Structures are given as structure tokens and as C-alpha cells.
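Once you've had a glance at the structure underneath, I'll fire off some questions.
Per-chain numbering from 1; labels A, B and C assigned in written order.
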Amino acid sequence: MRLALQDVATLVEGRLAGDGRIWITGASILRDASPGDVTLVDRPKLLSALNGCSASAVILPEGMEVEGVASVAVSDVRAAFAKVVEVFRPAYREQARGVSASAYVSATARLGDDVVIHPGVTVGDFVEIGSGCVIHAGAHLMAQCRVGRDTQIFPNVVLYENTVIGDRVRIHANAVIGAYGFGYETVNGRHESTAQLGYVEVASDVEIGAGTTIDRGTYGPTRVGEGTKIDNLVQVGHNCRIGRHNLICSQVGIAGSCTTGDFVVMGGQVGLRDHVDIGSQAMLGAKAGVMSDIPAQTKYVGIPATPEREQMVKQAAWSKLPEMRKELRSLRKRVEQLSAQLEQTRRPEAA
Amino acid sequence: MRLALQDVATLVEGRLAGDGRIWITGASILRDASPGDVTLVDRPKLLSALNGCSASAVILPEGMEVEGVASVAVSDVRAAFAKVVEVFRPAYREQARGVSASAYVSATARLGDDVVIHPGVTVGDFVEIGSGCVIHAGAHLMAQCRVGRDTQIFPNVVLYENTVIGDRVRIHANAVIGAYGFGYETVNGRHESTAQLGYVEVASDVEIGAGTTIDRGTYGPTRVGEGTKIDNLVQVGHNCRIGRHNLICSQVGIAGSCTTGDFVVMGGQVGLRDHVDIGSQAMLGAKAGVMSDIPAQTKYVGIPATPEREQMVKQAAWSKLPEMRKELRSLRKRVEQLSAQLEQTRRPEAA
Amino acid sequence: MRLALQDVATLVEGRLAGDGRIWITGASILRDASPGDVTLVDRPKLLSALNGCSASAVILPEGMEVEGVASVAVSDVRAAFAKVVEVFRPAYREQARGVSASAYVSATARLGDDVVIHPGVTVGDFVEIGSGCVIHAGAHLMAQCRVGRDTQIFPNVVLYENTVIGDRVRIHANAVIGAYGFGYETVNGRHESTAQLGYVEVASDVEIGAGTTIDRGTYGPTRVGEGTKIDNLVQVGHNCRIGRHNLICSQVGIAGSCTTGDFVVMGGQVGLRDHVDIGSQAMLGAKAGVMSDIPAQTKYVGIPATPEREQMVKQAAWSKLPEMRKELRSLRKRVEQLSAQLEQTRRPEAA
């Protein structure tokens, strides 16, 4: 597969600079590009990296100039580059249609139009699946789940009973929605599970990462709000209310009964203790340990979580700690000297 | 579905205060309750939250008083509330019985009475499953596993060869028991896996969370003691001995060859290095990083893990760090002034 | 099952010391050994533990001496002990051959010789699997995956489209390779997913732990280099380049576009922010939080990650913090005293 660069320019409706007759044989990012490849530069600070790169051509934003390599200028670099990648490595188009003969679908389940159900799926009693959904191999939807339209459930996802999923949701492989909450009471020296009568409700346009777990509420729902994106291996505890359009990075752990506002961002490996409320547009830095409520529109970092500015001042002091210790010692010595000298001065007869 | 409040009171054998003729149409926790709902208050400090809540009635403990809303007083609030929830949203009762035609069960496996095996399950050679067990869809029990009575194994759980599971155990979806330990020796610049001849032994009444992984021992068992509860996405390394009635919260990581006593509690995201021993009834605060043995009946927090009291004193000092730094600077200046003044005093002729 | 100790010695080609006629009925590590067991001691510092151990005999390295218990001296203790364990508890030998009738294999997939495919597996369109591979129950290989020779894929592993896996790779249960990267752009107040046109490429002799997730690149590959070993529940973000022979412990989180050199070691729960480069042979201590590039052949620990020596000096100062605070207060007092005395000395007439 090869394309003349001028054909690439035509494909992405871009403005060509340099020799349009050179052959393009692939599309790779800067770090990986080799001769024959077209690459992309989407912001000025990456321009310098083009020197060490053996790409034959580059797609860049209109108005950005580059020397020594052919270029195609476009208004949306990422969209244009994606188009070229798809020419060289076409995405696989799902052929499957309908319900696989090796899936198990309860007679009481109701499926919308154009639902695709892959082999090894189980769909429990009274489950409802909206039109246009794709349920990939080995996913299990237990009794009474309700799934909206055009939702994709990847292989081996498990939805426990009564889970409610919105429209256009994506749940990646091996995520588990609706397992029992981690709540116990100690009775006669043994841990007895609290009630597990609740369920999980995931609103529309949510994405849930691979291996992520979201526990059911005690008596009612654990909720994830519209448009929220959750990365891989995240834990969301029972009774939580996650707001709308949150971004929750990988390996975050949210203990039971927390709430978040809208547009909250949590970096990787953040931990929240139970029953804390995070205000809208708050940002929690990676690995932050949150022990109490966080106000809206603030940025907290560290363990325990601290306003970022305050933490920076502390970190600066912390990095001076060994120096401070030395200073303290020398100061103590100096004070003792002064003290002795003063003593001498006051009692000159003793000298 | 609706019930008069007096019928709710009768159902839970509680004492009614207020108008028993009002209609109850649902049961929700304080945060979610709307008109028509009965809610619950199980401790005095939640009473104030009732004001902002539009519930029509509340279930509360005997002896607790409330004004402005109808109430039902009972001795066990949570049990009573659970009863009401189950009336309004009956739990789904498993209909499945016996072995699904689309499960694979080895001819050499032995199943007890009343075992339920869902579609897509595989039961390997010489596996034994005790009576009353439920093995949910897509779970895989590899060769020679032994499972006790009345144990529930949720969808897509994987038990590697020779895993031993006790009675009344619950293993949640996508947990993996018995994968290879992370032990390597470097031989000629390559990492060679150590022996993987062991297995995992889980005692009775244990609960294991979704996505949790427990690795097999090198030559013998990795053990989890009776009654211990493990949350989601926890890692237990090879050769560990987890004691009885531990509570291990989500995303805890326990490296190889650790031991814990009984009634140990670990908060979320705690990490233990390999070969540490945790004494009985020790508590490890969320995110603690444990580098050495922890004595029984103590509470440790922080990275590295430190006795809680000590850590609090350090944290207090830490929050004063920037101030200390300023103080140190001003003190240095003051000492220099003093020093100059003293010099002047001692050598007045130089003035 | 029992063996005379002299037969154990013969089996492992070791030198017997003590009574060779005693019966050996099992093999256990020091902590677990009971009468009748043979145990192992592979380094001098474990010798003392033999006193509290009721093992009947011990396998130890040539040249090491022990009193009061029969012994067998060998050149490779672990290999010899493994041999004995296998006599007492023979490893289960896989009986399965060929493709299970309850697997789904696309007509366009190509399988090498001696491939074993267990029940419930799905093999998508145009997938290629090399000879000698074992694909365990419930694993799903989506369209166009390519797997090398003699690779083992454990139950419920999911490979998304276009995943490339090398030879002699082991992927443990419930790992997910090739799910979508966590990349979003905010368009009109909503998070829109970036391109998901890439894939994952795993080189030969890699091992991937249970529940681990490795995301696909944006336009091209996310790569894991030859011989690298990854533990359970690790997250590797989109576009990462993991080098060769790395050891990555459990629950590590690596954000997008990171690179590592060769022989990098990361302790448990380490976190890397996006776009950082880790030099060859660098070591990152457990729970380290890496915010910027790490030079080759260094050891970093802490949050934020700091050279180990520097961190130790800081930790030492940190543990003296409360003391420093006290010291500072007493010094301040002392300086005030001196100041007053000096004043008095300089203005004796005021006294």
C-alpha cells in the first residue's frame, strides 16, 4: 500500500508544501516514524522533534511552517491524521449480526432492533436491551438489568441484577458493575454483611474502563452521572453518587457514600475515604489521599489532600529540611558561643 | 405499589407516631428520599438531615424522637428498613437449577446435591463441588479444585488448578484465585520464573471482592483465614498467610510471604512489602506503606507506616514547616544582630 | 505416599547426613513444616528458623552444616525441593487437545499445529495463533489478533482487535489487552474520545499478570518489550513503550506515552504520570510517584519520586521534625534571654 503525498493532501483536504510525488507507505507518530511514513505535529513545541525523525512528510496545523520535510497543512491535524491511518490500517468492521447461537438469552429478556449478541453471552431473566447495542463475547447480564440504546458492552463484562445502563455507554472488558458493597457489622466477633438490596445506575454517554468495579448501593442506587469517563481498574464504592462529566483516571479508589459534583477530575491512584463530597470542577492530583470534603473549583494534591499552593510551599520547605536541620544545629552552637561570650563580658573579673 | 404507613409499622413490628393513613410508595436513604418515601435514621447525628429531606415518614430506633414527620420506632432500624425495601423492590429469586446444558463439566468432576451451574461455566478434571453451591455464568474451575458447601462463585471468576475453597464463601465476579506468583531469578540476564507448585486455600465464610487476585504459593499454599472479608481489586501475593476475620479494603496490595493475625483491618490502597508480619487487631490506615512488622493492637498510618500518634505529631510539625523555615531565618538574623551588638559591647573602643 | 529419606537423597542426587531410613511423607516450607515433612533452607540466615520447626529433614546447599536434624545437601536447593514437591503433589497435566466443540472459532482464523482451545473461547475473524499455544476457557481474541508460538492465554483473558503477541508469552486470567486509551478532548463541554486506531504489541517471553490492563495506542502500538514481567492489576496506558526485561510489580499505574529502558524495576503501587521516560536499570521504590524523567541506573523513591539517598536524608530529618520544632522554640527563648541580658550589659545604668 502506497500513496503519493499529493493524494494524501487531497484525502485530508490540506495544503501541500514540498514534493507531492514522493511515496507515502505508512503513518506513525513522531517517536515511531521511519522513511516512507507521514507523521503529525499538532503543537509548536513538537516541531523540534521533527529534526531527529526520519518521516518523509508531516501533517501540521495551518500557519505552522517547517523546513527540510514535505508537509500538508490542515485545520484539524488529529482528524486528518486519523483519516490517513485508517487508509493504511483500516479498522476492522464488525460483521456479526443478531444473536449468536452460542449465547444464552432468557425467554423473558427483551431485545431491541439490531442488537448484536456474541457467543458465550448470557442475558438473564427480564433483562431489557435497547436497539443498536453490541454485547461482546462472554459478557453476563444478570436478571432484570436494563440497558439503553447503542451501548457497547465489551467481552466478559459482568452486570449484576437490576443494573441500569443508559444510552451510548461503553463498558470495557472485565468491568464488574453491581457486585456487593463492602459493608459489614461485627456481630458476636464475626463480620456480617449489611443489606445488599441496591443496584447501580449508569447514565448516558458514560465510559467505564477495563477491570473497573462499581458496587451496588445498600438499599438503593450507586450512581454515575451523564458523560462521566472512568479509566481502568477504578473502584467505586457502594452508595456513591458520581456527578456528570467527571474524568476519573486509572486505579482511583472511591470508598462508600462519596459524592462528586460535575466536571470533577481525579488523577491516577487517588483515594477517597468514605462519605466525602467533592465540589464541581475540583481537581485531585495523582495519588492524592482525600480525608474530608473538597470545595468546588479547587485543586488538591498530596496525602492528606491539601490545596495545591499550600502543598507547594510545604514541599519547598520539605526539600530544605536537611538544610534546616543543619542550620538549626549551627545556630544552636552560635547561640551557645554568644552566651559564653556574653557571660564573659558581664563578669570580666572572672576572665 | 403503595402501603399505608400503619401497615409498614405492622410489617416491621414497630411503634407508629403520626398519621398512619398516609401512603408510602417507596423506601430510600435520606439523600435520595422524595415525597411518598419512607427513609431511615439509625443514629442521632443524622436527625438534623431529616429537615432538608422530603420523605413522608422515617424508621428510627426506639427512644429517638422526631418532630414534623411521621415515624416508626423499631429495635433494629436496618433490618426493618431492609424489610420495607424488599416489599417495594423484591430481590430477584434465582430460578436456575441443576447444570446448564451449555456448561462444560468434566466427567471426572464430582458435584454435591443441589449444585447450580450456569451457562458457560467450565468445571475441570477431578474438581469437587459441595452441595448447595451456585457457580455463575462464565466461571472457570480448573483441574482438581475443591469447593465446600453453599459457596457462591459469581460470573467469570477463575480458580486455577488445586484451589481449595471452604463453605459459605462468596467470590465476586472476575476475581482470580491461584494465578502464578510474581517470583523471578535472573539467569544469564533473563528473568526465570521460580517454582509455581503451590495453590491457594480459602477458609470458610470468606468473601472475596470483584477483580481481586490471590496468587498461589511457590511450593505450598497461600492461605486466607476463616471469616476474612476482602474488597475489590485487592492483590494478595504468593505464600501469604492472611489470618481470620480480617477486613481488607479495596486496592490493597500485599506482597509475597506476608502474614497477618486475626481481626486485622487494612484501609484502601494500603501496600505491604514482602515478608512482613502484621499482628492481630492491628489497623493500617488508608494508603499506608508498610515496610516492616506491625505489632498487634496498634494503629499505623502513612508512608512509611508509622504509629498513628507519632504520625499526627509529625503531621502537625509538617504543617508548620513553612512557618518554621521563616522562624529559622528570622532567628538567624536576630542572632547575627546580637552577635554584632555583643562585639560592640566587648570592644567599645572600636565603636 | 511416603519415601525413605535415603530415597529422597537419591532422587535429588544429594549427599545424605543422618538417618536415611526415616519416612518422609510431605514437603513444606519452614513456616508450614510438620513431622514427616522435608523442608528447605537455601540461605544461612534461615538456619536459625530450623530450631522452631518440626520438619523431619531438610534440603540445604552443599557446604552448609546443620545439627539435630537429618539433611540432604545439594547444589541447587530450589530445584531439588521442587522435584520432591512434585513427587508428593504431582502437577496436573493438561489432557485437553485440539479445539473444544464449545469454542467459537471464526472460519477465517488460522491455527498452527497442536493448538489447544478450551470451551467457551472465541477466536475472531482473521486471527492467527501459532503452534503450541494453549487458549484457556472463556478467553476472547477479537478480530485480526496475531499470537506467536507456545504462548499460554489463561481463562477469560481479552485481546481486543489487532493485538500482537510474541512467542512463549503467558497472559494470566482476566487480563485485558488493547482496550481504548483514556484520552479525551473537551468539545462544547463534553468529553470526546480521541482516536482509538492503535493496538498493543507484546514481545516474546513476556508475562502479564491476572487482571492487568494494557491500553491500545492512539494511532499505532503500545509496546511491551521482550522478557518483561508484569504482575497483577497493573495499568499500562496508551502509547507507552515498555522496554525489555522490566519487572513491574502489582498495582503499578503507568499513564499514557511513558517509555522505559531495559531492566527497569518498579515496586508495587508505583505511579507514573504521562510522558515520562525511565532510564535503563532504574529502580522505582514501592508507591513512588514519578512526575518527571528518571535517569538510568538510579534508584528513586517517595512522592514525588526522589533519589533514594536524598529521600533518606529527608526522611531522617522528617522523623526529627517534632524535635526540631521544640528545639526551635527553645532556641528562640534562649535568644530572647541573651538579648535581654545583652541589653542589660550594654546599659548597666538602667539596671
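One rule holds for everything that comes next: contacts are C-beta pairs under 8 Å (C-beta built on N, C-alpha and C of every residue); 3 or more make two chains touch, one makes a residue touch a chain.
Note that the structure is a prediction, hence the values are computed from the model and not measured.
Colleague: What is the Cα-based rotation angle between copies chain A and chain B, on a 0 to 180° scale and rounded to a multiple of 5?
Modeller: That rotation is 120 degrees, given to the nearest 5.
Colleague: Between chain B and chain C, two touching copies, which fits better, same or different residues at the interface, with half of the numbers shared as the threshold?
Modeller: Because under half of the interface numbers appear in both copies, chain C and chain B meet with different residues.
Colleague: Would you mind pulling out the distance in Å between where the CA atoms of chain B average out and where those of chain C do?
Modeller: Roughly 23 Å, centre to centre.
Colleague: Two or more other chains touching the same residue: where does that happen in chain A?
Modeller: In chain A, residues 102, 120, 138, 156, 174, 211, 233, 251, 269, 303, 318, 321, 324, 328, 331, 335, 338, 342, 345 touch at least two other chains, as defined above.
Colleague: In their complex, what parts of chain C are in touch with chain B?
Modeller: 27-29, 31-32, 78, 81-82, 85-86, 89, 91-92, 95, 100, 102, 118-120, 136-138, 154-156, 170, 172-174, 205, 207, 209-211, 227, 229, 231-233, 245, 247, 249-251, 267-269, 286-287, 302-303, 315, 318-319, 321-322, 324-325, 328, 331-332, 335, 338-339, 342, 345-346
Colleague: Give every residue of chain A touching chain B within the complex, in rising order.
Modeller: Answer in residue numbers: 102, 104, 120, 122, 125-126, 138, 140, 142-144, 156, 158, 160-162, 174, 176, 179-180, 182, 184, 189-191, 193-195, 197, 211, 213, 215, 217-221, 233, 235, 237, 239, 241, 251, 253, 255, 259, 269, 271, 273, 289, 303-304, 313-314, 316-318, 320-321, 324, 327-328, 331, 334-335, 338, 341-342, 345.
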